[in-house]
Amino acid sequence: MSKAAKTTNPKTVSATHVQMTEIVLPNDANVLGNILGGKVMHMIDIACAVAAHRHCRKPVVTASMDSLDFRHPIKVGELIIVKASVNRVFNTSMECGAKVYSENLNTGKCKHTSTAYLTFVALDDNRRPTTVEPMIVETDDERRRWEAAEVRRHFRIKQKQLLRKQG
Amino acid sequence: MSKAAKTTNPKTVSATHVQMTEIVLPNDANVLGNILGGKVMHMIDIACAVAAHRHCRKPVVTASMDSLDFRHPIKVGELIIVKASVNRVFNTSMECGAKVYSENLNTGKCKHTSTAYLTFVALDDNRRPTTVEPMIVETDDERRRWEAAEVRRHFRIKQKQLLRKQG
Amino acid sequence: MSKAAKTTNPKTVSATHVQMTEIVLPNDANVLGNILGGKVMHMIDIACAVAAHRHCRKPVVTASMDSLDFRHPIKVGELIIVKASVNRVFNTSMECGAKVYSENLNTGKCKHTSTAYLTFVALDDNRRPTTVEPMIVETDDERRRWEAAEVRRHFRIKQKQLLRKQG
Amino acid sequence: MSKAAKTTNPKTVSATHVQMTEIVLPNDANVLGNILGGKVMHMIDIACAVAAHRHCRKPVVTASMDSLDFRHPIKVGELIIVKASVNRVFNTSMECGAKVYSENLNTGKCKHTSTAYLTFVALDDNRRPTTVEPMIVETDDERRRWEAAEVRRHFRIKQKQLLRKQG
Amino acid sequence: MSKAAKTTNPKTVSATHVQMTEIVLPNDANVLGNILGGKVMHMIDIACAVAAHRHCRKPVVTASMDSLDFRHPIKVGELIIVKASVNRVFNTSMECGAKVYSENLNTGKCKHTSTAYLTFVALDDNRRPTTVEPMIVETDDERRRWEAAEVRRHFRIKQKQLLRKQG
Amino acid sequence: MSKAAKTTNPKTVSATHVQMTEIVLPNDANVLGNILGGKVMHMIDIACAVAAHRHCRKPVVTASMDSLDFRHPIKVGELIIVKASVNRVFNTSMECGAKVYSENLNTGKCKHTSTAYLTFVALDDNRRPTTVEPMIVETDDERRRWEAAEVRRHFRIKQKQLLRKQG
């Protein structure tokens, strides 16, 4: 990676950081007043798409989303905060990671409610997959995420093979 | 399963079938005119939540979503159709499956664009997980999905252990 | 009808069936928590437009809506289910029928809340009305609806004449 | 009518006038860029509900909508203007009338695109139909609409009987 | 002004009057059930843009908004009514004024909640500022607003200078 | 300020920082594809309300918004980024400042498009204005904003007096 990262206009991980904040509205929630899982996924997808688009400066499409847990409910009137960035670039694709937090504005209590990994493909003017520029990894944390992205990628490939066999 | 399925007000898989149809609107799409992955996830989550709620007749919350591929883009003006039902009931949780299709209204061309598996937990009046009634599996297809749901569950548990080790 | 129905790429009624399902959200309701009549009409219009578009595979515009009753309220958190299909094709127009149901997800109680009939006109590339292909009517139910559509059409024409006189 | 109109806090027709104006947005339109019929119905329903609520000062529910024509398309970026008022009060119900206009903001060209008649029922604190106060009709135009509302009501009753026989 | 107003297709103030009415929905409000200030500003901006567009019959963009007070809360289920018109035309810009009212539909109680002044610039086909036609001021009220608009304009220019110095 | 800031649970400015990011959608824009001024104001209001709520940990209502310029258009498909924080606390009110930026995702070009100042009032359980805790100002930048907020406050009071006289 480090070699590739030194060529042709490489960009840093931190340049892809995205932060989205919303107040959970009644229409985003179920009858219990808890945010719908689908609303959370929707925000994760947009935040990660922005991070990927920022890195490659080309339109991107969501290729896949890894499995995702919802650890704590987020209530109407609370904040949902999504932080995303690119973890690793592959040939024509990028893995992005997002962390979701809730904040109760009256108490200040924050919770980490989900972690997500999505893969995006960069498209050229003919809407075909196109090569993505290398990325500069600067901190230990970024390096750890870069390595973990490769592990997850192998896992994804294996999982697909398994599911294909299973029918 | 078959034993449990014979007791106390069991319900069929077919009673949980949900079908949602929407025309893809400009606000659901990116600048290429393709539906956002997050909009698709949002519809999948709602369709599966309805299927799960129909089975247990209690409020449900999304616990997790399995990994998900987006095989074909869906364009503004096309239909997105989501079909969902409960695959298997566990103790307090249910696995639901959803298939996503696109339809071009001018040509009639349909595509199967995604398959998704989500787990929901049923809640009692105190918003605590509560036991879900058994389910009657009637057709070979339903039986196949019932078995596959158990395989996926083991996979999920292993995956969590793996990710926990990985940090 | 049956003669016409045998020529040039005729299509079945069942190929036009549409099913839309939504959870009633707070923004769809009045202060009593009942769905707004206008939200119901909006869903009916879209479901019927999809059915008409599916038959003629050309863009369609709503020409008219027959009178419509709202028999039972649908509450926030309940399901609204709209089922629509084409009832009969005329020269450049199609009559579609829709039935609206509510479902209480906690009790499973379903109600038939409205029946609606809408007329759509098919448009060519210059946005002029254009001839619609014939339709294959297969079941007794479909035949009954086909006949009733003709009766309603006469009724509509008479009603317009009456209203024109009345000023 | 005139006798009743002199008792207990009667109100004028003009006090119920409502005017709603919106710019047609991309999400309100079909792929041709024409407003959806359902969006128009939605606005008509809300404008008339406000007029009815203003007269009786109690929550109201839509009971029925008369047949409705869409004479001209309204395009994205044009104005849709809905004007509504109460035409006549009956025992527990009110007939409201709405006129829909389009305006092209670049040319100033206005069109009258639809006329609609809706019936609303006033509800008491137990959500049961409740008597509506009388109404003061002041102008010739208002008197003409008051009379026509009675004619339409007879028409509605006959139509229901007809449709019931027809099955 | 009066001279200019007599030349080349001048238009009256009253021809720019806009009235928007909406029922405040749950998603427009904070957790106290009060409309968000931002929703009010959004409606003010659209109503004034329509008034300005009506005068110049060309696309307009918001250039600035004067300071704005929120005197009374508007609750979910109440009406928000925005009335706007053009106050004065300058060279390529127009000052519009808007008044915001709330109405409690159950009691009929109305309140004037905000007054706003916005400036819009007319754009030609190349999206460059373009000259706006003169305006006919007919009533004393319109004349008073025309004069006050000039005072506010001087105020705006001074304020900008002050803020620039202040940094 | 500095004295007050040392008592009873004071909080830092940086603890109130909010960042909201959205992709501009077709429904947020006018026919030229430029974001509506009202959409920008809506996001500014929410971001500042969150900052104020974070400081006082009580519900807040928008009291006023200072005059606001729109320097550059933001296009559909571009990012709008709003950054907000509390500038100064007064007795029961807080001044918040927001900066609005656009980012073209294909080129990476960013622009600072607006600066806004809003005042919020904290409410107690009876929805009456209530005292706000002091704030810790840590950096030179924060101190500069704290001082400027006082200048703007005097300006606001004078402006109100002026407008009152003017009628």
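Think of it as A, B, C, D, E and F in the order they're written, each chain with its own count starting at 1.
Just so it is clear, contacts are C-beta pairs under 8 Å (C-beta built on N, C-alpha and C of every residue); 3 or more make two chains touch, one makes a residue touch a chain.
Small disclaimer: the values here were computed from a predicted structure and weren't measured.
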| query | Among all the other chains, which ones are in touch with both subunit A and subunit E? | reply | C, F
| query | More contacting C-beta pairs: A-C or B-C? | reply | B-C
| Is it true that over half of the residue numbers where subunit E touches subunit F are used by both copies, so same, or is it different? | same
| Taking each chain's centre as the mean of its CA atoms, how far is subunit C from subunit F in angstrom? | 48
| query | Between subunit D and subunit F, what's the gap in Å when you average each chain's C-alpha atoms? | reply | 41
| task | Starting from the mean Cα coordinates of subunit D and subunit E, work out the distance between those two points in Å. | result | 29
| remark: Where subunit E touches two or more other chains at once, the residues are 23, 26-27, 30-31, 46, 59
| request: Please give all chain pairs that are in touch with each other. | output: A-B, A-C, A-E, A-F, B-C, B-D, B-F, C-D, C-E, D-E, D-F, E-F
| message | Applying the document's contact rule, which stretches of subunit B touch subunit C when the two form their complex? | response | 18-23, 46-47, 50, 53-54, 57-59, 79, 105-108
| said: Which residues of subunit E touch subunit F once you look at their complex with the stated criterion? | reply: 30-32, 34, 36-39, 41-46, 49, 59, 61-70, 73, 118, 123, 127, 144, 148, 151, 155-156, 159, 162, 166-167
| subunit C contact footprint on subunit A (complex, rising order) | 26-27, 30-31
| task | Could you please specify the touching residues of subunit A with respect to subunit E in the complex? | result | 23, 25-27, 76-77
